[in-house]
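Just so it is clear, A, B, C and D label the chains in written order, and each chain counts residues from 1 on its own.
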């Protein structure tokens, strides 16, 4: 009963439909302190390595370069400078909702004054003349804040 | 001291935008059969298997277990590695360490992906920290676009320079029957003409300035497999095996925001470590061919500098002068590279395998230097600048 | 060092991964699923080396590592090789718990097929019992075109 | 072939719900292992991390632990599977001539996801996943197959739970140290018969790490080495229904390979202690048969004889086993750590007197599809 049917065979698909995996990710003490500071005081804090002196935002336990535990929280500004940036124009699926992300939007890695690492976030402009390396920006916070990164509405251009 | 190790066989499926005719394990099986055939071995000859891909592209957990009936791993030693975009090069490195350890003589390594089964960018977004990065993120293209814009800012690089890399990759791809993109229309035009067309055509959609569709890798289904063998048997299996001269990797960062965007320091440091092992002092002169994991055009400029093929900001000149074309001093990606085919979990292994084919003199229409390749330099890229480097050579390492 | 940690609440970030997937069944599997959908028939593939008949079909015999291109029709009746009654619920279960799973060796096949067992009292379940496929009224080319197996 | 030593071990406690992020757990386990070895991160020349993108809820989840694993400027790779396979890869790298010292770390935060959904995703999306099958329901099918083959009963399975939970009382890292009776197990809530709550391992958070070294690398550390004498890993077939669930032939192959390498001919006599991967109670009996310390179908007889109890001739799971703490992906590495502590004589209250040779098992995939076996000794 051998039968070759490569030409005629209808090719099926199976779809995942509405299936999803829910998660409850621990933010941890270091991250929680950062998020609570945004929520409660609309301010950013970083953590400073006792060995190399780098200030990390968001704060975390370990300095990867020095492999030491960090403990010294330092305030960093809500203002900073765009390190690298892009205007996102293509649509893609947001994996947390399964739906298309709205585009376009400005996106930048921001070096907050007093920090040594970048914080990636949305910029409220899609003008490539303004969203550029070196531009000064400032964080704008949501009125209702719940203790997630989404408490930051976006960064606005200062210049 | 470990065993010396060579690649003695390599196989790849035809890579296409979607392989509706096969499921995952069946696709894997095609690549495995091709690699075994290339080496003249059967599955019984294989002592151990390593497989890799990225789970969230197909939504399958424990892929090594799931695919074992296609991979040939039933009643064999097998495990899975995954490091993101580097997965394919990572499994190649694992093939090397399996054999170098002296524990296994013939090891099959497999990289694969069916990117058509999900939204690739959506799945890539899940690679980033859910608390810090994911809520406002633009996927892999955003990460690359920001790097490109900084590089352009630093060295007054233009969109034309990026497009020149894209043209090279797509022209090379025309020599490779396995690769995904075959843009035949480019054949009849001059390079300058194609470059101008790419940066002015409205059909060439802007994805995230400065990256247009033509600057990016496609989304691909495909699988690749390679066989690594010990020095005791390598030359019996393949008359001209591709010896692993040295391999190293680096991955320093946990968050994208920690990266120093001015350099690709992990690629630089992994390359240096490999050159040191191999005693290579002038990489541009001493390396004969490269298969580099360049997921987008500007990487073909900036990362050439990181590897040490030229100085900072000199990438564009190197490429415009034709040195990296098929007949140049240092041909880069005769296969067409990642920008012509990107089945992500297989992509790094395609680089290693294509490099091996060059050394073995089996690269067909894409063979460079008349088949006389002393050193082929291959890389993998992924994650927060995860960099894998493997140098292959004609001569058995001392 | 402990001081600040005690005063900080533990924030947990709730999220999900909801990447939509579309899995290609492939030529071999499509033939199997369309056989059930269109004709309520079970088709398997036979290994030319060990002669095992696989249902669902495989393109490659995992034991012999040879391609299997001979199609064999098997019966919709079989033997229950193992079973369990699951008393808990989760989002991926197609019917409400309790839900009974069984491994059914179809007459004419060598391995077993995993599916649900229905229209049966728990206490009547026994390894070795004969079962028969019950097909869904609306069939769409998925494994759920089989509603379940039930005592024959 | 050169020998590889385990010179440092570290583990967190295992708990149902830890507040730390998984990179913090990795840092704790890694620094403990380095301290145990009498070395520091600078003595490590390469790293193997172990993680799983589904359990962690992120692609390339190992990216999150680069800082915590001390990978800056070093070669690093990631095994996705049980931690024992990570240790095996770490061993290969230390043997390869490229490296001398490997740090292997594995982590799990089972508390962050829904186990049934995560393990449902290991089943084939075309034919099995949409039925809702998961780790526990598939294990139940295996348990039934094994009962049919061997004649073992639910009461026999309960003996494993009783023994191991009691052993866990001697292990400060264990999650479920407790005295339970066969009757308690039999009366515990049915999940997927024949499995009841007390037949099943818990969901756990935790991390574990080992430092491996070749003979050159060994000199960097103060700790006396425990040698890896044998190792083997093998996978069975995957599809439920194609595989003989009652007979763990892959475990047999893996352990035979490890025994051969270690020069062990009669494991029952020559091994002093075993740490097996009892994710579900019945598994321990099946694994007895797989590693050949009893004949096929005779697992129940072995546990009833008392020989695998703390006072028996071959104690199994003095730590309390996986049924007393199951950080998936970590648990096999934990078995290796426990085996190491035993042959060092550092297992405190759970120490088996005079233990010189120990076996540790890791498993991967549904129903113990793949196995990794280590034999360690002084």
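In this text, contacts are C-beta pairs under 8 Å (C-beta built on N, C-alpha and C of every residue); 3 or more make two chains touch, one makes a residue touch a chain.
Predicted model, so just to flag it, every value in this text is computed and none were measured.
Chemist: Have a look at A-D versus A-B and report the one with more C-beta pairs in contact.
Modeler: Counting C-beta pairs in contact, A-B comes out ahead.
Chemist: Where the centres are mean C-alpha positions, what is the separation of chain A from chain B, in Å?
Modeler: Taking the mean C-alpha position of each chain, the two centres sit 28 Å apart.
Chemist: I'd like to verify one number: the distance from the centre of chain B to the centre of chain D, where each centre is the average of its C-alpha atoms, in whole angstrom.
Modeler: Taking the mean C-alpha position of each chain, the two centres sit 34 Å apart.
Chemist: Counting only Cα atoms for the centres, state how far chain A is from chain C in Å.
Modeler: 40
Chemist: Could you list which residues of chain C touch at least two other chains?
Modeler: 10, 13, 15, 17, 19-27, 29, 62-63, 91-92, 142
Chemist: Do you know which chain A residues sit against two or more other chains?
Modeler: Where chain A meets two or more other chains at a single residue, that happens at 6, 11, 13-14, 16, 21-29, 31, 60, 64-65, 93, 95-96, 148.
Chemist: Can you tell me which residues of chain B touch two or more of the remaining chains?
Modeler: 20-21, 23, 56, 59, 68-69, 74, 119, 122-123, 126, 130-131, 134, 252-254
Chemist: Quick check of your reading of the touch definition: is the inter-chain graph here a line, ring, star, complete or other?
Modeler: If you draw each chain as a dot and join those that touch, every dot ends up joined to every other.
Chemist: Touching chain A in the complex: which residues of chain C?
Modeler: These residues of chain C touch chain A: 1, 4-5, 8-27, 29-31, 33-34, 69-73, 91-92, 141-142.
Chemist: In their complex, what parts of chain B are in touch with chain C?
Modeler: Listed in rising order, the residues of chain B that touch chain C are 18-23, 25-26, 29, 42-43, 56, 58-59, 68-70, 72, 74, 114, 116-119, 122-123, 126, 130-131, 134.
Chemist: Using the touch rule from the top, collect the residues of chain D that touch chain B in their complex.
Modeler: It comes out as residues 1-2, 23, 52-54, 57-60, 62-68, 71-81, 85, 88-89, 91-93, 95-98, 118-119, 121-122, 124-126, 231-239, 242, 249-250, 253-254, 364-366, 369-370, 372.
Chemist: Across the complex, what residues on chain C touch chain B?
Modeler: For this pair, the touching residues of chain C are 13, 15, 17, 19-29, 58-60, 62-63, 65.
Chemist: Per the contact definition, I'd like the list of chain D residues that touch chain A in the complex.
Modeler: 18-24, 27, 41, 54, 57, 66-68, 70-72, 109, 111-114, 117-118, 121, 125-126, 130
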